[in-house]
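The chains carry the letters A, B, C, D and E, assigned in the order they are written, with residues numbered from 1 in each.
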């Protein structure tokens, strides 16, 4: 489904742009989340087949002819894992942000360059 | 005498070099000058002949008489035709011209330079000042008689003596040499203690070795 | 300025790189061979109507195990970072309405969560979804009930035990030489039943417990950590 | 038996060369005197001087190397002389030229200089090393044009053997290297100025700066030997140049005539020019004469 | 065998169970922790063993009861087993290393550590792309979390930067994987069978870029540096080693998917990373960050090697990639561990390591290993890699890698030297836990053993070639003995070695015997001078014997590799020997840098060279191959660097001057000859197989000007040893020019001069060593008048300088005569003139040497100086005796030398009795000697007869303008003796070459400093780098 794919790409780019341009760490993390979501949307929309149903073979689906009726289950499976991993990453990022803030009372990424060169 | 005693005496014969700082005494020779006899009469005569014709002046202008050496060596009087040539170092010269009065400062250098000349060596004393002090006879800073300090072979009188008289003096020296009468070196060695005493009496800050080899 | 320019160049560059995919994108008309295999296999081999669940729990079970691990690691990391920072000072008050309603709702949410993960192989949903739902229940409790204290020890215990059992179930398959994480260690049962599809419901339940406890743990840890504010105040 | 005769011949040869060299120095004094409008000493004055120096009754020695320095110097002079043929075709004056070629002679020149430098060095007088430093530096610079000239004639005659080189120049004046390879001769003659150490290249003795330089502590017989060697060495160098560039000599008078003429070249230049400063001298040799030398090699080798 | 899935299962179970166990007892959890790591290691060890025992092929292990495309499968082949074993072993060791730390910190640390190892294991094993993504996430999340084991502001912020970068990377990876699935319909690497062309390219590109980012390629690696700098040493180890390795392996797995042009670009990026990170490392002063730069560089190298060895046969490929990998693994682990033990940030503060000898040795081992020295794995890998790159014509990559390697050597050895030579104060001492030290030592030994293993088993080196290393080890074992005993043992060993080589190995070519004499007999005699050592002299004899035996191996080497191996061993030994000097820091560093540069040139040169036929010694083998021009130039340059030819001579004076007194003679007299030996070998191959372009003509010019410039520089030195060093340079110039002539007479003169130079330069250096031993100064102007105190030394110096100067009648003239004859004969006229000039200039320094030391005015402080010790006198007089004999009977030498050279050229010298005839002239050494003695004796007797009464006067009895001298210092003309000459030379006298190298060094540092500014420390900038990198590389590839 091209529309959702475009949406995914837009979200990805917006997320990346936010990560690059925003100085606030929280906003950067948000940017990451947006980009991540974009990626998830892209994954799902790649697996979508027009006019088909979710890959749950209950009574609504003709089991014998199921391969013709359901969408690709793999991207769905993948996205499930990806979401959880994204969640974990985001959580860890946020904790880092909190911990950093605790030390310098600043959310600006420019303030955290003690180490360089 | 036993050999041991000779050694002791030889050791006593060494010069003390007391005027020198402790550290430097080792750096100077401490032998006394000694009398040297000619080996062979005929050889000596031949050598004296040659010595008389090859007089090398120590180019050290000790006093105002040194001014006369320039015309002597240059075109007008040309002493080189007699075999008289200048030498820049006492090691190689055999004639020392005391060019007039010797101040207390100069006498020290004169003694040192004289001692560093290799014998046989001759001294020509120039002008009255070297004989009796001349016009500086009563100066507090000049010595009156040079031959108290080093043996002189020829005096050339005058104040100043002209180059002509200097040449005459050289001729006299030559005759003396050829006759074998110029023995200043041995005279100095024989009377070394006397000369040294005289020198030390007049040179108060004696900071040289006792004999400047 | 140059920085901004470079960012824009970078983003435009990305766009240019990604654009050909969009331009050439053609929605597939058929499932890929692998997907077809999965769809058939889910029915025939695993007796699980939810193909996604089959894929997640069985075919790509190792992924799921890894995913659980990632979450576990995140929990650990969060705990590791925020440790020894217990600061209970709070000035917030919560209204009676909210407290009452939430305590009522929580039990429903919990039941829903359990439902979701136990029916993972039958209907949309599964261990993760159920776990998240359970955790949201706890979140509600934490937000609404100020005195609510959840025991980290219990959470960890649940977390550990469920993780351990999950691995052990997998291990049984390996020991029986039918493959690591093979749900066929239990009878497959009848297609469409609650107790069917072998160990899938069991695994999903464990995952649900684990995810629930892990998320709760994260939330609780983060929630209990308000020390940052006080530090800021001191600094000012 | 042969070898003893050879030794006697060599002794005669050296004696002649030394006497000739001494007279040559006497003549130079005379010429200088005439230039100064003086009468000057008799031509045998150098001989008298040598007798006088040897006649000194005492001598001071600074040590073994000081003692051996003049010996080295003399040996260098004698060796240099002995390793080349003096008179073409003469048995008496062929010396020990069979021991080696031109390279040997060129390097044996250093033997005496090095020994003397060591002897003078042990004298402990600061002027000695100053003079030696100047001398060595200058030597290194005039060796360059000289070596170029030597290489040039080596290419020309296809040999480094002095006797062969002389032989190739026989049969008329136009066969001399002077005419067949003038560029090499110019380069070599300019470096001869430096070799002879007459002003303007009298850096080593430099009477007004470092009075007589290295031998300042030398006295008595040491000086006598040095004086003797100066004569011998001068004639040796002149013989070398004569052999290489001026057709050699077939008998003694011609040899004397030729060497005298070569010597006069540097003497007259010395009488007319004041002394260079060291760096001026070095630069001089490294510029024009070197270029001429290079040119001579290029002309001979590649044109 | 155990299913590799257990690697994952055990770790996971442990991870889940540990929180419970920890409630019971911390000790229990620690035991579990170590148990898991141990179990991993044992499992992989068994697998590795199994793969070595039998060819099991590649095994596949699927999960969930389904086969591959359906389920996720693991693959285990020998490659996987090898990498797994390595990282699990390092994991185990690092785990032990960190045990104390873990005991004190929260439990999470341990679990995270296990998870890092597990993630790495999974990443290596899995064949499923998405599964790889999961493991990569496990790996990076656990790594990031464990970074905060050391809780500082820096580690937190660097961890955050890491998160951002790896977040982006994981987005790329995920997208890439999904696209791959979308295009190919499969996630399993074994089942992806479409080409990713045009718009599909982006799929694999994204995956690859994500891996490159995680691999910390330049310039997307700023965050990694921060992490390395800020985190705990053990954690840095696992990031540098375990994490990176797993990802590199992942990259290896996806390589088949990538189009070749992109692979090439990635390879270049790898090489560029190696270059850039090492360049930037130059400017670094923080030890941990420096290690970070080095780690990143090594990863770049690893990546490049993975990519560029793709076409090779598997064993060789494992050799190269595995070699680099193991080398990096061991060395970097060791260095990071040491950094944890030292607890010092600044490089120069590492000098406290001197308080712990074994740690210091390990530090050295790691540095040498990292710099690619034999016998460590990196050496072999680099050798083979360069060779294979050359076969593929990848010159650019070689240039990048070797340049990078050079920079690495520079900073590594600068650090090493600073560390082992720096003085430390007692209060700086840190107590180092012995357990960790033992662990580090174990690791170092492991690395060493591995290298030896490769050497023995892969290449099957002869015992003789391992002898240098074995002798070092052996003497290290008996190092507690007094120096004299060790010295005598060494002499005995050397004598037997020489005998063994002569009788049993049997040289194929007489030239080998000549150089054998130079190398072994020369060393033996020089060895006598070392017997003067009264202290124990720890390490000295080991290194010395290592150097000498490497000389021997150079002689008998039969292949390029044998030669190069011996060459590098020689470099190590000589470098360490030089380093033993008191102020040798700068000198030894310069020596090392130039040696390494030379070695790299040689390596490339050998790479271009065609294979040798048969197994005869190199000197025979090279005759039959035609070296290409480039090979000739590179090899010759490499050898000339070692001989200190003009332009690259700057190391030479420093090394000679600053080495210990008795070492300098080895360096000058013998080590320089090793360069000559190599140069000769190249020349031999050119003689019959002349290349189109007469490169040797220009080398001749180079040699000639080396001689001239060396002579001038020697004349302007104040330091006696430096003077001799420049003199050596000058002499080597002669030899090089003579060899370059490629003519019979030229080679005879080169051989003659080589042998002569060995003798007189040894004598001179030992004499100066004796003087230094007594006066404790090398400045010539501080000496003077020593002839009366050290007459024997004086005589030996006198004879030697006469021999150097080439004044007849001593043997030096022979060389001069041969030289000029050959030059004129060959038609090199202007060269001959320059040599003439040089030899005239050499009088300047020779006189200066002997005058300012032995003549002139003695100083007060040297009043009580005695003659040099007898151990210095004996070797001098052995050499002097040899010189005298050879001077009197030159034919003893000329005849065999002529025979040696006539193997290659038509002989055109005629030897008739004592006469030697060339086509230009002749020379009779015996007669010259007799005549000279005669003319010497005549004036001597004359003088004795006529001198009259001699008064032996003393030092100050000089005419001094009627005054007495003030002091010896003001009376001794010594300082700046040739000032006038320098003035005359004007602009030519300026040290331009020195300035050039200084300028280059400065420039490199400035460049390093300039480039490292991109690492602004801002996490966002790093993100920008990543995005731009992504875009730029893509468009580059397309």
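To be clear about the criterion, a residue touches a chain if its C-beta (ideal position, glycine included) is under 8 Å from a C-beta of that chain, and two chains touch if they have at least 3 such contacts.
Quantities reported herein were computed from a predicted structural model and do not represent experimental measurements.
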| item | value |
| --- | --- |
| Neighbouring chains shared between chain B and chain D, ordered by label | E |
| Any chain in contact with chain C as well as chain D | E |
| Steps needed, at minimum, to go from chain A to chain B via contacts | 2 |
| Most distant chain from chain B by Cα centroid | C |
| Innermost chain, taking as reference the mean of every protein Cα atom displayed | E |
| Interface ranked first by C-beta contact pairs | D-E |
| Centroid distance [mean C-alpha coordinates] between chain E and chain A, Å | 50 |
| Distance between the centres, which are taken as Cα means, of chain D and chain A, whole angstrom | 98 |
| Chain centre separation in whole Å, for chain C relative to chain B (CA means) | 119 |
| Chain E, residues touching no fewer than two other chains | 130, 134, 137, 141, 144-145, 148, 179, 181, 187, 948-949, 951-953, 955-957, 959, 1024, 1027 |
| Shared interface positions of chain B, touching two or more other chains | 36, 89, 91, 213 |
| For chain D, residues that touch 2 or more chains besides their own | 56-60, 216-217, 220 |
| All touching chain pairs, where touch follows the definition stated at the start | A-C, A-E, B-D, B-E, C-E, D-E |
| Contacting residues of chain E [partner chain D, same complex] | 785, 787-788, 791, 794, 798, 802, 805-808, 813, 816-817, 820-821, 824, 827, 829-830, 832-833, 836-837, 840-841, 843-844, 846-848, 850-852, 855-857, 920-924, 927-928, 931-932, 934-936, 938-940, 942-943, 946-953, 955-960, 971-974, 977-978, 980-981, 983-985 |
| Contacting residues of chain A [partner chain E, same complex] | 12, 16, 19-20, 23, 25, 28, 32, 35-36, 39, 42-43, 46, 74-75, 78, 81-82, 85, 88-89, 92-93, 96-97, 99-100, 103-104, 109-110, 112-117 |
| Contact set on chain A toward chain C in their complex | 1-2, 5-6, 9, 12-13, 16-17, 20-21, 48-50, 54-58, 63, 66-67, 70, 72-74, 76-77, 80-81, 83-85, 87-89, 91-92, 94-96, 98-99, 101-102, 105 |
| Residues of chain E that touch chain C when the two form their complex | 3, 5-6, 8-9, 12-13, 15-17, 19-20, 23, 62-66, 69-72, 106, 108-109, 111-112, 115, 118, 122, 126, 128, 130-131, 134-135, 137-138, 141-142, 144-145, 148, 179, 181, 185-187, 198-199, 202, 1021, 1024, 1027-1028, 1030-1032, 1034-1035 |
| Residues on chain D engaged by chain B in the complex (per definition of touch) | 29, 33, 36-42, 45, 48-49, 51-53, 55-60, 207, 211-212, 216-220, 223 |
